[in-house]
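Got some structures for you, see below.
Heads up, the next two complexes both have chain A, just with different partners, chain B and then chain C.
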Partner chain A sequence: MTTMAPASTPVALRRNVELTVDGEPVTVPEGSTILEACRAQGIEVPTLCYLETLAPVNVCRVCVVELEGSRALVPSCSRPVAAGMVVHTASERVRTSRRMVLELLASSVDLSTADGDVHRWIDEYGARPERHGPSAPPGDRDHAHAGHHEPPEVGLAATVAQVVKRDNDQYVRDYSKCILCYKCVEACGEEAQNTFAIAVAGRGFDARISTELDVALPDSACVYCGNCIAVCPTGALMFVSEHDLRAQGEWDEDRQEVTRTVCPYCGVGCNLELHVQDNRIVKVTSPLDHDVTSGNLCVKGRFGFEFAQGGG
Partner chain B sequence: MDLRTPEAPPTAEERFAVDSVLGPPESGWFGGERTPLDGHVALGGLAKARSRRHLLLPALHAVQEQVGWISLAALGYLCERLDLAPAEAYGVASAYALFTFEPAPPVVVHVCDDVACRAACGGDPTEELAARHGPPGSGTTVTWRPSPCLGHCEHGSAALVQKAGAGGGRASLAPFTAGDMDRLVALGPQVELEDLPVPLALVPQAGAEGSQLRLLRRVGRLDPSSLDAYRAAGGYEGLRRALEMGPSGVIAELEEAKLLGRGGAAFPTGAKWAAVARNPVRPHYFVANADESEPGTFKDRVLLDHDPYALLEALTIAGVTTGAEKGFVYLRGEYPVAAARLEHAAAEARNRGLLGSDVMGSGLRFDLEVRRGAGAYIAGEETALFNSLEGRRPEPRNKPPFPVDRGLFEKPTGVNNVETLLSVLEVLAMGAAAYARQGTPDSTGTRLFCLSGCVARPGLYEVPMGTTLGSLLGLAGGVAEGRSLRAVLLGGAAGSFVGPEDMDLPLSFEGVRAAGTTLGSGVVVVLDDTVDMTAFVGRVARFFRDESCGQCVPCRVGTQRQEEVLGRLVAGRPLGSVGDELALLADLDQVLRDASICGLGQTASSVVTSALRRGLLGNGALSGNGRQP
Partner chain C sequence: MFGAGGGTSSYREIEETDLVVLWGSNAREAHPIFFHHLLKGLRRGAKMYAVDPRRSTSAQWADAWLGIDVGSDIALANTVGREIIKAGLVNIEFVRRSTTGFDEYAAAVEPFTLAEGERLTGVPASVIADFAHDYARADRAQLCWTLGITEHHTATDNVLALCNLSLLTGHVGRYGSGLVPLRGQNNVQGGGDMGALPNKFPGFQDVEDDAIRAKFDAAWGVTVPAQRGWHLAQMFDAMERGDLRALYVLGENPAQSEADNHRAVRLLEGLDHLVVQDIFLTKTAQLADVVLPAAVAAFESEGTVTSSERRVQRLRPALRPPEGARDDVEILGELARRLGSDWGHPSAEEVWDECRSLSPMHAGMRYDRLEALGGIQWPCPSEDHPGTPFLHGRLWEEDPDRRGRLAPFSPVAFEPPLDELTEEFPVRLTTGRRLDSFNTGVQSGGYASPLRRPETLDLSPEDMAALGLAEGELVEVTSRRGSITVPVHLERSLRPGLAFMTLHFPDQADTNVLTLDTWDPKSGTAEFKATAVRVDRLPEAVGAEPVAEPVAEKLEVG
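Coming up: the complex of A and B.
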C-alpha cells in the first residue's frame, strides 16, 4: 500500500559518492566500503575475515588496497568510500601484501578444509608457503605465556598445529585450522548469540580462540547454537558428523543433497538447509541471506535432528 | 547475556583482593553471598556492573599481587562483580605478560635481557643467572624470568621483583647482578620490598656548569613528594597562566611555539588539542601516555620518579584547555616508584584544590586517575591504550576514526606522551616565541635522549633539537673505555641503526627524516665493536614476536617468520640460498610495513632491515638490499 510507505526511505537519502577504482570512475552510495565499490565494479577482492552479516574486523589484511595519499595500504572491507578517492586493487604493492598474507597463513595453518577460493588465491597470487621451511611439531598453545616463547628448532616453521579439541557430542574444534579471523568470537558475542563463551586469548603468534583458562566447552558458557561453525571459513569448527566422515574418508559433497525446509521446533520460522548424505543428515546450516536467521540458528535447529533418523 | 561463571568459589584472599578495588558486593546477584531472599527479589544493576569494566585491569593487578597468580575461581568472582563473560576477561588478562594463570612462586624476578642491557654487557645478561640459579621458572619460592626492557637502561642491568602476599607488590632493582639474585634467593619470601634500594636516575648534565636544562631542571633537585617544593620552584605557574589565557590562548601559544609530539609521529600538539576542544560531543577525555616500553627508553621513569607534579600540572592544563574533566595517566606496570609517587602527588594536588571540582579556584572541574599497564608494549599504541583502559584486549583500533573524534569510551580524547606534556609547561613558562627560538625552525624546543649501552656516561640528556649525534655522544663522554664505535641504535626497537660516519646527523625531526631514520622515543643505544650484533638484532626480532598483539596476520605471523629467518641466517643454515632468505626478509618487511594495522607491525622489520643494509650481521657477510622506505 503506497500510502503506508514513508515519504522517503533512508536508502533514498543516501547520496552517491564518486571515486576511481583501477582507473575507472565508480559511483556508490555514501557509507559504502571500498570493498563494496570494488564488487560493484566486478573486481574480485579476496577476503577471509569479512562476512556480510558481521561487523568488519579487518584483521586478515588480505583485502588491502592502495589508496592514494595513504602511507600504508588500507583494508577495503572496513574503509568507507570518500568522494575523489583513487584506489588501486592490483598494484605491485597490493599483490605483494596479499601474496604474503596468504603465504603466512598457508605456512602456519592447515587450510585443507578451507573454502575453495582460498586455494585459488594462493595459486593466483603466487604464494609459496614452502619457502618458510618444514613445519615444526605441534605444540601446547593453550598454556603459552604472553611475552615468552621458545623459538622453534632452526630450519623449522612454527605452526598453530595442536590436538583436536573434542569435548562434546555436537562439534569439534580443530584449531590447527584456525586463521584467527575473529568471526566465531563475533558470532558467539554481540554480533549474534550474546553468549560470549569464547574470546581471543594470549597474544602474538600464540593468540588463540579460547574459553576462560581453556576449560572444556561443557564447563563454559557455550549453548551449542553452532553459529560459530556457520561462520568459520576454514573448517576449524565442524559438526562431529562431518569431522568423523572426513576422518573415515567418507565425506563426499557430491553425494550430498541439500534440502531447504523450515525448522519444526518453534514459530520463528528459521529456514534450515539439511545436508543429507546416504540418507542421513550430516550437517545443518541456514542461508546467510535468510531474513529471519542471517545464517544463525539455535541448538535445536542446528543439532536437534537425531529424531529424524531414528536416533532421538 | 546470561552470565555463566565457574562454580568454584574464590578463596578469602582472592575475594579480598577483588573487593579492595571494587568494594564489597552489593548483593548475592553480584558475587555476594546468596541468601534465600535473593531468590525472591528482582534487582537491577547490570548496567552499573558493566559500566565498571574499566576496573578489570586494576582488579587483575590486585589478585596477581595478592595471590601471585589468577585462578579460574578468582576470575569467575571478578566477572560476577563486573557482569563480564569469563572468556572475555581471560582474553584480556592473558594478553599481558605480568599476569599468570598457574600457581607461581611467591617471588618472581623479571630480569631484563633487552637491547640496552645487552649492549652494556656485550652479551646476554641472564647467562650467569641461568648458570647459578637454573633456567627461567625454576625455584620453588624465588624464580626468575627474562624480561623485555624494564626502563632502567642507564644502569645497564635491571630487574623487577614481584612479591605476592602480605607486604607484596613490585619493586625495581637497578643495577641488578647475579649477586643480587643470590641474596633474593637466600631471603626467599622474607624479602621486604621496602628494604630494596630505590634505583637512582642518572642525569649527568644536572648541576653541570652552564647547563640550561628545562625539562630536567627539577630532577634530583626537589623532594618529589613535596608539593610545596614543586610550587616554590615555579610549579603550577603554568596552570595559572593557562587559566588566565583560556583554551584558545593556550592553543594559540602551542601553535606559535610549533610544538610537535615527542611520540614518534611528530603530530602538532596545538592542532591536536584544538581538535579535541572544538569537538561538540561530550564528555572529553585526556590521557597521558606514560606506557613507555620502547626498548632503550627510560625518560618517563626519570621524570615521573623525580618530578611527578609536573605531569599532573601539564595534564590538568590539557584538561582545562580541551574541555576534558577526566584524565588518565596510563603508566607502565614496571614502574612501581613512579606509580607510588604519582598517586601521592595526585592526592596532594587534590587536597590543595589543584585537582577536583574547582581547579585553582577557576570553577573548572578536572581530576585524574593513575592506571597501570601490565606488561604489554602494544598498550603504548594510543588506541590499544584506550582499549586497555576500558578493560578490553590491548589491540589497536582501526584509524580513522582518530582519537580526537572517537577515543576513550568512544568519546573525543586527547592523548600525549609525558615528554610532550612536560614541554607544554616549558612553552607556557618561556612564552611561545622564546620556546620556538630553541632548536631548529621546524623542530622547536629541547628533546630528551636516553643514552645507554657502551657509552662513557649513560643517562638521560636534554639538548636543543638539531644537536648533532656527535655532540650528543660527546656530552656523554663518547664510547666507553675508548673503544671504537660500531653503530648507534636510534629510536629503539622500532628505530634503525646509524654509524660512525653519521656524527653530523642533526637530531631534529627533519634531520632524521632526511637520513631515513627516526628519533622515535629518543633512544640512543651505543654499540661498540665488542657487541654481538647478530644476537642483538635477534633480540629485537624476538621482542616483536613476543609483543605483537596477534590481531593482524602480517604482524602475528610475520614477526614469527622474521625471527625464524634470522635464526637460520645466523646458524648458517639458509633454506635455499642466502639470497632467497634475504628476498624473504624483504617480502616480510614489505607486508609488515604496508599491511599491518598499527605502528608496531609497521616498524617490526625496521631494525632487521637496517642491520642488513649496513652489513652489521654475520660480520658483514650478510647484507640485504631491502627496499628503501
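Coming up: the complex of A and C.
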C-alpha cells in the first residue's frame, strides 16, 4: 500500500490519483474519497450519515458504489481513492441496494421533516415503503433489551416510533424521526464536543440514541451546545423555537433570511448564521466551512440571543 | 507580545502542537470552541498541563494539573524558568540570536529553587520540574492564558513572566509554538486594535510619538493631545480626587462590573454629568443623566470585531433595532454634529476605510476581502497580503536586518495578592465564569438556559465539613470591603481554603461587594481573582436543625 499524505496536507501539495468513474477518467488529489471524486465529476451520490466535518462512520450504506474487484459494494464516503480504481455509481446492483436502504428507512422512520433530498431520492430510486404495510403501534423502545425483540404482527411495518422527549427549555427530541446516522453521537463525542452525553443503546432494530441509563437530558452530561441538533438530517433533534413554530404552522423558510455575523460573547470569534423570520431570530447555526467553528457553537452562541429581542 | 498587543498564534496551531499549557484559563467553559481546537490537539497526542487553583473542567483534561495557590503565578513561572536554565534546557541558539537581557533574567530567577517554588505556589517541586522539562523539550508548545493571569494587581508582570518562558525555550514565532491570550469578549482585541487604550491610536500606534500624532492630526484636522489619557482604574481615582467630573460610558456596566462596587457606584453618583449608551437600562444607565439607546452591535449593525487569533471579521445586521435605538456610529456622528463638528453620515465601511488609511496593520483589509477570506488576521499591510497566521517569525531569521528588534527578557518580581489571608479572613475567594453565563448577566440572563443555577459560594468538601454546612445553606461571606449572603455549594474541584463565585448574578449576590479594587499600575486591571474572605453561618442557622444533611456525614459515606 502506498503511503498517503495526511488529509490535513494542503490539496495543492498532494499527488494526483487517476481512477475511472462511470466510464470517465477522473483525477483527484491522493487522500480523497470516492465520494469526493464523484462530486468532482458532478455525479450525485446520496448520503445520510456523511458530513464533511465528521469522520465517516459508514452506517447508512446509502452512498455505496460498485468497485471492480471488490466482492461487496463499498461506502464511497469513507473509501479513499487508489490509482486505477474502476467505480460504477449507477449500476443495477448499486441502485437496488440504495433503494432497499431508503425503502426500509422510510417504512420505519417518520421522514416528514427530513432534508428535501431524501424525498427526492426515495422517488428517484423507486423506493416503495408502503409495500411493507401500515405502521405497527409504537412500542417501548427505551426499555428494549437485547434478545427481547418482538416483531410486529404480520402485515404491519415495524417502526422506531416513540414518545417525543421534551424535558428542557431548548431541545426537542423526537426519535420517531431518527435514522440512526450517528451524527449526533459523533458531534457530542470525539468529533467535536467531547461531552459524550449520548450514545447508541440497544441492538439490531431496537437500537436507539439514548443518554446514559435513559435519564432526562437535564440529568445527563449534556451542556446544550446544540451541535447534535445542527448535524441532524431528519429533524429528530430540533430546537424548541423551530419545533413550536412548526407546531403552530408558522415555520416558513421562504420568509427567513440568514445573516452571518460574529457571536457577541467571548473572544473566540465564532461565526453565527442568524435565521430570522419576521424580525425574530428563530434558529442559530454556524457555517461548516469556517475554520473557527466547523459548524459548532456553545450554549451561549446557540441560544443566548434573547437579550436582543426583549428577553433581557 | 514584544510590541504588538495580540496573541501570536492561530487556533489551528493548537491542533498540531506537541504540548499545551492552559495557565489561568478555564477555556472549556469560557472559550468552548477554542477548546474544541485544543481537544483535537490532545486527540492527536499532544500533552497538556493545566495551571489553575481549581481543578476546573479544563484541568480535568490535562495530563497534569498544577493546583497553584491564587496569585503565585510569577513564583511558578520564575521557578520553571530557573529549572529550565539549571537543567541545561535553554534554547541557547534562539536566546543568543533573538533576545536580550538573558543574564539579568537568569539572576532574577536564581532565588526560585524548586523547593522555594513549592513553598510559594503549593505545587509539588517534582511536578514543577516535570512541567519545566516537558515545556522546554517539546518540539512545539502553545502557552495559553486568560483572566486567571490578568485579573491580578500584577497583571502585566504575570504576562511578562510567561513570555520569558517562551523566549527561554524558543516557543514563539514558529508554527505550533506561541503565546495565546484568550480574550474574554468578542471585541476586547478589537478595542485595543482600534486604539481604545489611553496611549494608542488605531493599530497600536503611540499617541506620544510626534510623527504618528502629526499623521492623525492631518487626517482628522484637529490637534490630538500629546499626552496619554487615563485607563479605567485611573478614571475612578480621578473621580475620587474630583478631577474627572463627566463620563460617557458606551456598552459597559461599571456600577456592577467594577471591583469594590460600593465605591464605584458612589463615584458614579458623584459625577456632574453621566452619559450612558447601552442596549439596556443597566444599573449604570439608571444612574445616568442622559441615556442613549443603542442597537445591538452583533445583531443590528455593520462593523468589525477582532478575535483572539487577531482575525478581523464582519458583523452584519440581521434584526431591525427597536424604535428609538440607533447604531453606535450614528449616535457618535450626531453627538459630534451637536458639538459643532459635522462628520456627515459615514457608513461602517467608510469609517473602516479611513481606519485602513491610517493603521498600516489593517491597510489590506477591504470589506470584500474580509468577506471572501472568512476574516483576515493582522497584520495585513496591503491589499494583496493574505494576513498573518502567526507573529514574530522574524525572530528566527538568519539575517539580522530581517530579524529586526530583538525580544527582551523582562525580569519580574513576585508579589503575593494584596488582600492578605489572616485569621479573620482565612479563605481565598476567586472568581470566574460558568459555561452558560457571561459577565454581569446583562446579555446571558435573557435566555432560558437549562444549565443555569443561581449564584452560590462554592467550597471544597473539606471546608463544607469543617464549617458544618449543608448544600444550599445560606451563609454570610465577608471581606474587608463588605458582606453578602449567598447559598453554599459543594464543589469537588476546589481545594481546602479556596472558594469560588461568579459575577453573573449581581442582583442576587453581588460578588463585587467583596472584591478589592486595587489594580495593576501597568494595565489598570483590578484584582478580581484574589479576595480574602470569612464564611459564617447565619446566626439563626447556628444551633438550628440543618436544612439538609450536613456535608460531613455524606463525606463519611462517600
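For the reader, a short list of remarks on this structure follows.
One rule holds for everything that comes next: the second predicted complex is superposed on the first by the 299 of 312 C-alpha atoms of A that agree within 3 Å, B and C clash if a C-alpha of one lies under 4 Å from a C-alpha of the other, contacts with A are read in each partner's own complex, and residues count from 1 in each chain.
As a convention for this text, contacts are C-beta pairs under 8 Å (C-beta built on N, C-alpha and C of every residue); 3 or more make two chains touch, one makes a residue touch a chain.
What you see is a predicted model, and the numbers here were worked out from it, not measured in a lab.
By the touch criterion stated above, A:39 is placed in contact with neither chain B nor chain C. In the superposition on chain A, contact is made by A:296 with chain C only, not with chain B.
Within the superposed three-chain model, A:133 lies in touch with chain B and out of touch with chain C [touch as defined at top].
When both complexes are overlaid on chain A, the residue A:270 reaches chain C alone and has no touch with chain B.
In the superposed model, A:220 lies in contact with chain B only, and not with chain C.
Of the two partner chains placed by the overlay, only chain C lies in contact with A:309; chain B stays clear of it.
Applying the stated contact rule after C-alpha superposition, one finds that A:166 touches neither chain B nor chain C. By the touch criterion defined above, A:246 reaches neither chain B nor chain C. Touch criterion met: A:96 reaches chain B, while chain C stays clear of it. According to the touch criterion, the shared surface of chain A, contacted by chain B in one complex and chain C in the other, consists of residues 194. Residues 8, 168-170, 190, 192-194, 217-218, 222-225, 257, 259-272, 274, 276, 279-281, 290-294, 296-301, 303-312 of chain A are the ones that touch chain C when the two sit in their complex.
Residues of chain B touching chain A in their complex: 1-4, 6, 72, 75-76, 85-91, 94-97, 99-102, 136, 145-148, 375-376, 378, 393, 398, 542, 545-554, 556-561, 563-564, 567-568, 571, 573, 575-576, 580, 584, 587-588, 590-591, 593-597, 602. Residue ranges of chain A in contact with chain B, taken from their complex: 58-62, 64, 72-73, 75, 78, 93, 96-97, 99-101, 104-105, 107-108, 131-133, 143, 145-149, 151-152, 154-158, 179-180, 189, 194-207, 210-213, 215, 219-221.
By the touch rule above, chain C contacts chain A in their complex via residues 11-12, 16, 30-34, 36, 39, 43, 182-189, 279-280, 296-300, 305-309, 311, 313-320, 322, 374-375, 435-438, 442-451.
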